[in-house]
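Shared between the two complexes below is chain A, which has chain B as its partner in the first and chain C in the second.
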Partner chain A sequence: MTTEVLRTNALRASYVTHLYGMDREVRVVEDVSLSMRRNEVFGIAGESGCGKTTLLKLVAGFCRPPLFVQSGSVEFVGERGNVLSLLEASPDELYGIRWRQISYIMQGSMNVLNPVRKVYKSFLDFAYPHMGRMTEREFRMVVIDHLGKLRLGREVLNSFPHELSGGMRQRVTIGLATICKPSIIIADEPTTALDVVIQRETLGLMKRIQEELSLTIVLVTHDLAVHANMADRIAIMYAGTIVEEGLTTDIFEQPAHPYTRHLIGSLPRIGDKERRGFLKGAPPNLAAPPSGCRFHPRCPIAVPQCAVEVPTLKPCAGGTKAACFLAE
Partner chain B sequence: MRKAFSGLWKTSGYFRFGIVSISFAVLMFVLSFFSPYKPMESFVVPANLPPSLAHLFGTTSRGQDLFWQMTVALRNSLLFGAVTAALSRVIAIWVGMYAGYRGGLIDKAMMAVNDSFIILPVLPILLLVQFLVREKMNWFYMASMLALLGWPYDARLIRAQVLSLKERIFSETAVFCGMPTGRIIIKEHLPYVMPIIFATTINNFLWSIGLEVTLSILGLTNINNASIGVVIFWANQHQALISGTWWWLAAPVGITVFVFAGLYLLAVALNEYIDPRTRLSMKAVAA
Partner chain C sequence: MGEDSVSGPAELLSVRGAKKVFRLGGILSGTEIIAVNQISFSLLRNTPDIFSIIGESGSGKTTLARMILRLLLPDAGTIELNGKDVHSIRGRQAILRYMRNVQPIFQNPFETFNPLDRVDQFLNETARNYYRGESKQQARERVELALNAVGLSLSEVGGRYPHELSGGQLQRASIARAIIPGPSILVADEPVSMVDASLRMSIVNLFQDLKNQLGTSIIYITHDLATAYYISDRIAIIHKGYFVEQGDTGQILTVPRHPYTKLLVESALDPKPGGTSLADSEAVAKGDEEYLATGCKFAARCPHVMDLCRRKAPPPVTVAGRQVRCFLYGGNDAREGDH
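And now, the complex of A and B:
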């Protein structure tokens, strides 16, 4: 299946603050057009502060001040082909699809559960209103059954979050996000702050659920190893723009954009003792982004044209699409 | 509930002391309804008798039985404190949680009012008001007035907590889920703030009784209505210390200290118990 389930069209958004008469605009998502398909894991990778989390919030239709959308749209395509524009939808329309169609595991997912509420209460607060007609008793049975699939016993429901281990809490969070059987899960760094063993377990679980329910996972992390294991397609983000997009295998085998090449080149490999190269300079200040291609000040192969014109995504030989004048 | 009680009783000395002193206060409260004399009526018993079995706390120079007078005085003072604490909690919780959660202009406006109340000098204002409307002032008006002056510190305290709570992931997730604001505040944030509310309630309770005593000693309340402060006022009027009727002062002061200390320790013990982290370690000990 390759039908679209969620897409962004030329999305442009920024954080706007007014403080003591000073206006500040941080242009954090710039001209992003993505398309996520049913039954795939779509990865978004990029360094810290490049706008990954902001993009996810927009994709989830969760845009609150000081974040403002300048132009573009985010569209959710329902099972019957009905299109809902998330950034213009009414609160009722959003209420109707949230959790039931789109669930969102926020960054710092270990803290999704309220520390002074028992786990079951969080399920009641967050998920129960979205379950349609169902008595509380039925809901409790569904939750117990669902958590059982995640290898969590029913005693978890009567525990406080701090009584659970990190891995258990992570599984509860995933359970919370999947209990309503949504068609999209948006996961922001779901495995950061977990050790590799728990990380592997968590990722395996997400993959299993994804295949079982044939849902879409939009996965954000800066950890390329996670992307290599999980994602079917990847978008590489740099300073608020998408610089390259393509199938995971293509991106890893033949990256076309110089930033992607450096990103992948910086990954350590077992047995390879050679020093890894790194990019000079620092990520740009998004309040005053560089002209032209936002990557040009740090790009080792930049030409004068890069500082003037903004490159658009174009198909390259390796099968990916890259936003670079020099990519072929 | 019973298990919790017996557990606390066994392990916490604070709790034991608190329960004993609260039981004492409750006993006095109940006994006050069976008082053989009207509390402020004078020369119903022989004057100036020291404590004895017939008159547990002694008698006053005005011929009143101190024990029975104190039952009514304690009841009135406790009621006064409770009404003040309850009324001021309503304002403090509402202002603190609503301003903290809404933020922005509403928060700024509400905090401007809040801070104005904080800088008001409470005692001079109370003295002035009492001078002006002394005859018309009954204990309920005074409790309302203290409530009006006693909320701002606590509202700020609660607001500070909510400011931090609303930025946490679980609050954002709740908003994303479409949970109504009122429910988020009550279900997600209130349990977190509860220990603070508990502590400030007891604090406010003690503060208001203290102020009532202050005003009564100065003779600025209705001195024909028994309360702890009023008993002390009359003792001073009759030079209790100089004339050697020390029990006239000992009874109100001793009972006040005993009941207040008990209330405070009970609050500490319960606060520790309410905290889920403590309960967890208690579970671990039990297992």
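And now, the complex of A and C:
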């Protein structure tokens, strides 16, 4: 039985700025309710500027001006069923959770290691304070043991990042994120702009670690080919709202929302030269989002109702939940 | 088109045995890295072509692109445009003529434009630089024409700053800039690696349209195999400076022969749930140390490595309608030295 480990309830957040007496509100996260379970890869897909990274910040309990939460909550469910509201937690409570329960694999993770510190020092900086009562000697043994699982030798610890190949650096960053055996790893575009060979290696390693430690990975990327191969469930985000959510197989086989259909239909594949279509228009400006369904100006099947009313997620025949009046 | 493109050989661009060496370290103790080695290919004048060059970062892709753009001169071998060697191009007029024929498209559209200048200002400037003596009105017409070709118009981008346009519009505008001088070749170095998946298709579709409507040949440099398969006619796989396999795109990507091409094709993710096996394996990605290997640069991680591969660089052999640099397919008895 899978249980929840993290959930957001009707979360609404926006960036608010006051500049020269002008108030500007950019509504980036609009009514997002998600539930992530233990031991799964939960994918969030969407184009750049759709609010993916902001949603991740909130999920990690990181909310600082100019980002404000209007309503809703983010709740972390501990192993014994204790619930912690991340947006209301004190700094000490958050400190106790970060890295031990929720850790990160950052974008461009090949280049996140401190270039002037040896790899072991990075482990000391990042992970040692979160390891509880432990001498440095014990910690070193734990690190060596952990890197062994990632197929890295102990000589890596005394290397500078530039002495390692790209694939090894990826392994080190994954090692950093998993050494405290967290229950959730947040991965923000972990393999974007990586070469194909390193990409597959990295994803393979993340998948194996996820299965071994029974963790939850929240995987955010715009690349649906990555989601297809990694995620158990996917949420598709458009202009700050979740437009469709469901099992990966359902989303790929019977997408109900026109935006999802477009995303999946436009994927290029080796062995298929058929001309792919693309969406007209540009992603909406979130400071003045379109009325009604935020996708309606670009939607190929929009009806007058779409410009007026806001659709909510409803179950569809294909097994997914989609926010579209025309989905069935 | 340049004035000198009226007569000449059938080859528009011909690269023969191009080589570029970079030196690392001091004068006495330095090492040499051959970033591009013995690369040969050509583009024909009368059949516009999309030629993909696929490789990992650090494989020499960009060095090759810079040589084709004449930003770097090859240390050995020749690069000829319309039968004229790049080494023999001297003087402002000749250089301008070369640049007019071969135009670059850059990787990151947000960095292509000066953030403090309006986008149309930049396009106008390009038009006036390449067509000296024309009136402002004529320059504007050329800009409008180029923008129309990429699906934009002056009324959309006129008077706007780069931050006011979306990434897709900016990448289109930067392609419009490249086609203002009427080039016969566009060199696009990783034009889609920084943009979203949905935008990616609109850019590669645009390349196809430019090829079909304007007859422009495109050198498409990328590490994304799926889009290369989608748009290109011919392909070359570059590994540590060598073209290890080159030929017809469909043949190479569906039935790869070189072990490195096989590795790339296996690693490309199939966009279908569970389409690619993600079994965790030994690290096979390697850094730049492969450049220093004598013999075949891929030998250190090749599953079919033989003794010979570590000693001698394989010469190109023709197998199944393509060129492959691998001893698995012969080339062992080649008399002439490979270096």
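In this section, the second predicted complex is superposed on the first by the 327 of 328 C-alpha atoms of A that agree within 3 Å, B and C clash if a C-alpha of one lies under 4 Å from a C-alpha of the other, contacts with A are read in each partner's own complex, and residues count from 1 in each chain.
Everything that follows uses one rule, which is that a residue touches a chain if its C-beta (ideal position, glycine included) is under 8 Å from a C-beta of that chain, and two chains touch if they have at least 3 such contacts.
Not measured: the values here are computed from a predicted model.
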Following the overlay on chain A, give me a clash-or-fit verdict for chain B and chain C. fit
In the superposed arrangement, does A:24 touch chain B (first), chain C (second), both or neither? neither
Touch check for A:94: first (chain B), second (chain C), both, or neither? first
May I ask you to name which of chain B and chain C touches more residues of chain A? C
Touch check for A:314: first (chain B), second (chain C), both, or neither? neither
Is A:278 contacted by the first partner chain B, the second partner chain C, both or neither? second
Partner chain in contact with A:116 - chain B first, chain C second, else both or neither: first
Looking at the overlay, does A:252 come into contact with chain B only (first), chain C only (second), both, or neither? second
Least Cα gap, in Å, left between chain B and chain C after the two complexes are fitted on chain A: 7
Intersected contact list for chain A, partners chain B and chain C none
Complex interface listing, chain B residues touching chain A: 168-170, 172-179, 183, 187-188, 191-192, 276-277, 280
If you look only at chain A, which of its residues touch chain B in the complex? 60, 62, 64, 91, 94-95, 98-99, 104, 106-109, 111-117, 121-122, 125-127, 129-130, 160, 162-163
Across the complex, what residues on chain A touch chain C? 47-48, 151, 164-168, 171, 193, 195-201, 203-205, 207-208, 222-226, 228-230, 248-249, 252, 262-264, 266-273, 275-279, 282-283
Touching chain A in the complex, chain C uses residues 56-57, 166-169, 193-194, 196-202, 204-205, 223-227, 229-230, 250, 253-254, 263-276, 278-287, 289
